[in-house]
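Chain naming follows the written order as A, B, C and D, and within any one chain the residues start at number 1.
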Amino acid sequence: MTLAFDLILCLMIIGTAASALLMRNALAAIVFFIVFGNLLGLAWLAMDAVNVAMAEIAIGAGVTGVLLILARQRLMALGDDLVCDEMPGWLRAGALVACAGFAALVGAAVLSVAPSDDLGGPIAALMPSLGIENPVTGVLLAFRAYDTLLETFVLLGALVAVWSLAPGTAWPHPPATLALTEREGHGVAAAFGRLLLPLALVMAAYLVWTGSDLPGGAFQAGTVLAGGLIIAVIGGAVLWPRGDNRLLRVALVLGPAVFLTIGLAGIALGRFLFYPPGFEKALIVAIEYSLALSIGVTLALQLAGPPVTPDHKG
Amino acid sequence: MNEFLPLLLVFLPFVPALISFALPERMAVWRDVINISFALAKLALVGFLLLSVEDGVTTEWRYEFLQGHDFILRTDAFALLFITLSAFLWLIATVYAIAYFGRGPHLARFFGFFNLCVLAATGVAMSGTTITFFLFYELLTLATWPLVVHKGDEKSLRAGRIYLIYTLAGSAAFLAGIVWLKSLVGTIEFTAPPDLSGIPRLELTLIFILCIGGLGVKAALIPFHGWLPEAMAAPAPVSALLHAVAVVKAGAFGIVRMIYDVYGIDTVSELGLGTPLAVLAGATILYGSFRAVMQTDIKKRLAYSTVSQVSYIILGASLIGPFAIIGALVHLVHQGIMKITLFMCAGALDNRMGIKSVADLDGAGRAMPVTMAAFSIGALGMIGVPPTAGFISKWHLGLGGLQSDAPWVIAVLAGSSLLNALYFLPLLYRAWLLPPSAKLASVRELDGAWNRMLILPAAITALATLAAGAFATFPFSPLSWAKLIAESGYLK
Amino acid sequence: MSPLDLLVAAPLAFMIAALLSGPWGRWWLLAAIPVMAGLTVWLLLLPEGSGHVVGGWTLPLGVQLRADGVAQLMVAATAVCAAIVGLYALHEFAPGADRSETAHGFAFWPLFYLLWGGANAGFLTTDLFNLYIALEMVSLAAVAMAAMGSLRAALRYFVIALVGSLAYLLGVALLFSNYATVDLTLLAEMARPDLATKTALAVMTAGLLIKAAVFPLHGWLPPAHAAAPAPASALLSAIVVKVGFVILLRLWFEAFPAIIAPAGLELLGWLGALAVLYGSVQAIRQDTLKALVAYSTVAQIGYLLLAFPLVATAAGTGGAWAGMTIHATAHMLAKAAMFLAAGLMLKAVNGHHLKDLHGLARAMPLTVAAFGLAAVSLMGLPPSAGFLAKFLLLEAAVEQGAVFAAAVLLVGGLLAAVYLFKPLAWAFAGSDTPVVVAKAPLRTAAPLALALLAVSLGFAGQAMVDITAGSPWAGPPATEAEDVQ
Amino acid sequence: MAIVEHLYPLTGAVLVGLGLYGFLTLRHPLRQLLAVNVVGAGIFLILGGLGRGADSTDPFPQALVITGIVVAVALTAFGAALILRVAEDERAPDGTAADDTNGNHP
């Protein structure tokens, strides 16, 4: 890519970020945030980080954006118009100066470090032994599988945390249904949802499979799955399950459980999270598939929010 | 076996403490039996140790709880002086407390902390290092607080608050002092004073002030005496214990240790720290007596009397001379016996006849002759009338003052005795010679086992007051033991 | 085989089990306690500084786990706290009347294990990015638990904790870019005093100070800790804030001791002193019990920071180091005990205020005793572990001539006495015994056990000093962590 | 040339500053949550941008960024739910959902 492209992209990123932060209208701000996320994805693409680009667009822009939109919609329904109290000018000026100073400090620190691909070499050297091609997947599921394992538990824990917020009378009822604001769109969404869900499944499966060699992987696949689920729910093709649904619980813990079990099984062969030679790819792919399923369900339910009491649906 | 004797002696009261906490109220009889039998057991143990220490055998138990920090319990002669007193008075006070409270509410807690108090006092006595001393000294603070607030009314809570603020602040100063000193000379064992020659005078003086200041709070030296009269809000057995053996004595005991075993008399005289302390003690003696004269509440009067009397010990210790230290040590015991007598009598008068203030005393001697007789012996002892124990103390202190070229001590003693007479004799006059006022309840002093049990302890300590004076030259008398201590270590 | 990864994996396995078991999830605790106890003992028996890289990979790619003295002490204390708090919580976080799940009764248990596993992960790893995830595991569980008491306080906690995490992550990003590793032991060898490193260290410290609720970044703590249900408060005050503290230790004394300016240490020391004084004064001013105990946490964290300059200058003696780590342990046990006892007392009288405790010493003697014993340790009175810690710190301060630090230590103890005896005085007040309804009276054993442990650990002083001295980097220069199979 | 090489990480630094400013000045928690996400994105840009070699980007920071993004979304989801529940709680009629008695405790 050319310098001009990079420069324009960066300016646009900064511009959309500023708009997302400074717009008074919350919806506009969130829309700008989603645009911002997509531009970031472009930036990652420009940096040859396709894996990150996919994650950023799917999760950073997509899931986070939907989350914010849903939250805004529900807050509006509660009568919260998301208007921020205006801060006194001198305070804002002070904050501006402080933040500019801080950004300058960070910028100077950044400038003092020369960009370099330090670990690419050592990682590439180790990749053949794993039998997979995508080095990012290698880092995520082999060298730093421990990080990834803990991270899946953060995700799972976040869902439990969301659930724990349920009002006393709401548990274990399902979360509030997601409805489109306009009635007319409903039929379309329903048909779309019915169509999209199997498509999303196929797409997710494909992403996991390619993830071992090409960019992609469990998180991206999980996000696609979550997206399919959400649209299916909006269309009414599927209903949110109850929180104490057995099958749901199994789906949620499947990925982390498989990951943990394979990790513990490694102890028998030497070490926690040790993959026996020759089985690396098979185990990694098994982990990724189960993770993708669990991540999809977890993300979808996180978007749905805490359970609500049946008689008042937000 | 002997090695563990000190440990056993200190932690013996822990057993009745736990049992007292654990037993339900309906088994109160068992609690009483256990408390008394443990007190007796401890007294027996102390007797055994007295014999062996007299032969020059000291036993010691040590445990390195931190590298370079030993926890040492040792039975030297000075420790045994205090322990004997505490063991004897513990038994007395236990019997008295049982009789005093009868079957009142929440006594389990009372006897539990009462025992912990004795544990701490014994530990203070047997501590072999400054840090060990501090451990028990703090434990004493903690264990006495629930006793002070025992009644749970506004006044007791206030007293408890004031007590804590004073004593914990004192402990903090003391802790700062001993840590500072330890950082200069290492662990200090109370066997021989460390070599302090290389340390700047200013530092030594500051440390001395911190330590004596900290200990002086419990010993109620002015200006740190404020908590003591407040603590009168506590029930009589607590006051008796606080004043006679536990708290104030721990402070006074600590000051003696500081002067004789931590700094050593040579260093103290060289630094010129003895005289200011003696002057402060003298001032406290006179101030306490003055305030006592002005009180109309009997217990308050006794409290200020304690402020005054405890400083006799400090006065004797700080004068640094053979007679003075003997006077101080012997007074440690004598004051305990006399003061506990007075408090137990005051408590009995209140308990039986509702007498609280001086004016109520008119004719009390006729209603409760045994109690008032005991009270009178204690009071005369405080004034220093021969042949009571108090006379022995004052005699030695006076000689000590002369010996140490401090003739002003005689004036202080004379003045104090005069004031003592001024605040005690009117009580005796009212009780014995004035006609009883109509509103006094008519009681029959010795009716019923409970009532006899209430009087008995005071009668015993009153007799002890007489005996300690009359048989002062006999072996194992407080005076003989004080001489033994003085000869064995404190006078070179 | 090594307990290092199992100490993290086991709680996570129990988290899954609890999730799957629905209303029966809480009973997994009875399996978790022996498992975790065994693993903890195993950890304590490991030779000093043993460690390995997870999965058998090598640094700088992998994540290294290591058992040094701090980790051993903190993991053990966490295990004790979590086990006892968990037992206490069995009653509070239970299914509803008809054996149906309740939101809190169900969700508490997975979050509990997430917190436990996250704390262990944080104590055991030497990897800064892994620490970030551990920090988030703990924070997430902590905020959710705080939300069980007050949603509003939890939101405030959440937002501030998020900023703290990001500040930490920014530092990690800068360090990785600069050194191409996020492993502490490697960083310690390469550390250069350049701008990127200093900026990273500054922002990470700021983030961790937020997480550890150090004055003046403590604002989120009192409302969140005061409002949460008693077992949650206990976990928050005992364990969660310590994770941030331990990471701070690792950064300042293990990774970058060479480039730390004395002024920085002094600054932290001052912050600690202010925290002790401010937290104590605020605690004295509270008239609700749990707010008082929560402000006491602010004050007690201050001691840990107060020790920073003492630790740095006392290289070799280790007294201050031992004092600081023992203080962290003692505070863990005592504060957990105190919150549990406070919870029982307040539940019994159905109130929040100090005056509601009127006469409680008679109605609930054991619970009040637990509170009192915990108070003894927090005040630093003998023979408790809290005293031992204060004594060691005081000794170090006096030896180094740090008069101000010594004074703060002593005054802080006095102030602690002032605020802690206030509730005790109320409990001892009055002559009539209030009628209280204590549900599940066996629960009293939990705070009592923790408090007794906090007090009696004072007798095991040398053992704790020995454990905590087992940090390859505390005294002599850093050495490579050994790999044991 | 340094600026050119550092274009993306510098953009990241600017985003950190911007996000922080947003966080400090926006007084609505949902907007603050958005601002925090901007800060996070900035940090990821720094992490990835400084790991850029001549012709490839270091996969190691890429993996860290992906992990970071997932953690961020988990926290954002929880934060959004928390904000929502606080709003619900404040608007609930008295007694039904008072703050610390969510009806969950028997």
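Note that in this section contacts are C-beta pairs under 8 Å (C-beta built on N, C-alpha and C of every residue); 3 or more make two chains touch, one makes a residue touch a chain.
As the structure is a computational prediction, the values presented were derived from the model and not from experiment.
J.: Looking at A-C and B-C, which pair shares more C-beta contacts?
T.: A-C
J.: Using only alpha carbons, which chain's centroid is the nearest to the whole structure's centroid?
T.: Closest chain centre to the overall C-alpha centroid: C.
J.: If you average the Cα atoms of chain A and of chain B to get two centres, how far apart are those centres in Å?
T.: The answer is 73 Å.
J.: Nearest whole angstrom, what separates the Cα centre of chain A from the Cα centre of chain C?
T.: Centre-to-centre distance between chain A and chain C: 31 Å.
J.: From the mean C-alpha coordinate of chain B to that of chain C, what's the distance rounded to whole Å?
T.: 43
J.: What whole-number Å value describes the gap between the mean CA coordinates of chain C and chain D?
T.: Going by mean C-alpha positions, chain C sits 26 Å from chain D.
J.: Of all the residues in chain C, which ones touch at least 2 other chains?
T.: 61, 102-104, 129, 133, 136, 140, 143-144, 147-148, 151, 170, 174, 177, in rising order.
J.: What are the residues of chain D that contact at least two other chains?
T.: In chain D, 9, 16, 33, 44, 46, 50-51, 60, 64, 67, 71, 74-75, 78, 82-83, 85, 102, 104 touch at least two other chains.
J.: Hey, what residues on chain B touch two or more of the other chains?
T.: In chain B, no residue touches two or more other chains.
J.: Can you work out from the touch definition every pair of chains that touches here?
T.: A-C, A-D, B-C, C-D
J.: Note which residues of chain A are touching chain D in the complex, please.
T.: Within the complex, chain A touches chain D at residues 3, 6-7, 10, 13-14, 17-18, 20-22, 26, 29-30, 33, 36-37, 40, 43-44, 46-49, 51-52, 55-56, 59-60, 63-64, 67-68, 70-72, 74-75, 78-80, 82-85, 87, 91-92, 95-96, 98-100, 102-104, 106-107, 109-111, 113-120, 123, 135-136, 138-140, 143-144, 147-148, 151, 154-155, 157-159, 161-162, 165, 167-169, 217, 219, 299, 302-303, 305-306, 314.
J.: Quick check on the complex: what are the chain A residues that touch chain C?
T.: Listed in rising order, the residues are 105-106, 108-110, 112-113, 115-116, 118-119, 122-123, 126, 139, 142-147, 149-151, 153-154, 156-158, 160-161, 163-168, 170-172, 243-244, 246, 249-250, 252-253, 256-257, 260, 263-264, 266-267, 270-275, 307.
J.: If we count contacts the way the header does, which residues on chain D are in touch with chain C in the complex?
T.: Its residues touching chain C are 9, 16, 23, 29, 32-33, 36, 39-40, 43-44, 46-47, 50-51, 60-61, 64, 67-68, 71, 74-75, 78-79, 82-83, 85-86, 89, 99-100, 102, 104-106.
J.: Give the list of chain C residues in touch with chain D in this complex.
T.: Its residues touching chain D are 61, 92, 94, 96-97, 102-105, 129, 132-133, 136, 140, 143-144, 147-152, 154-155, 158-159, 162-163, 165-166, 169-170, 172-174, 176-177, 182, 227, 229.
J.: Of all residues in chain C, which touch chain A in the complex?
T.: 1-2, 5-6, 8-9, 12-13, 15-16, 19-20, 22, 52, 54-57, 60-63, 100-104, 106-108, 110-111, 114, 117-118, 121, 127, 129-130, 133-134, 136-137, 140-141, 143-144, 147-148, 151, 170, 174, 177-178, 180, 194-196, 199-200, 203, 485
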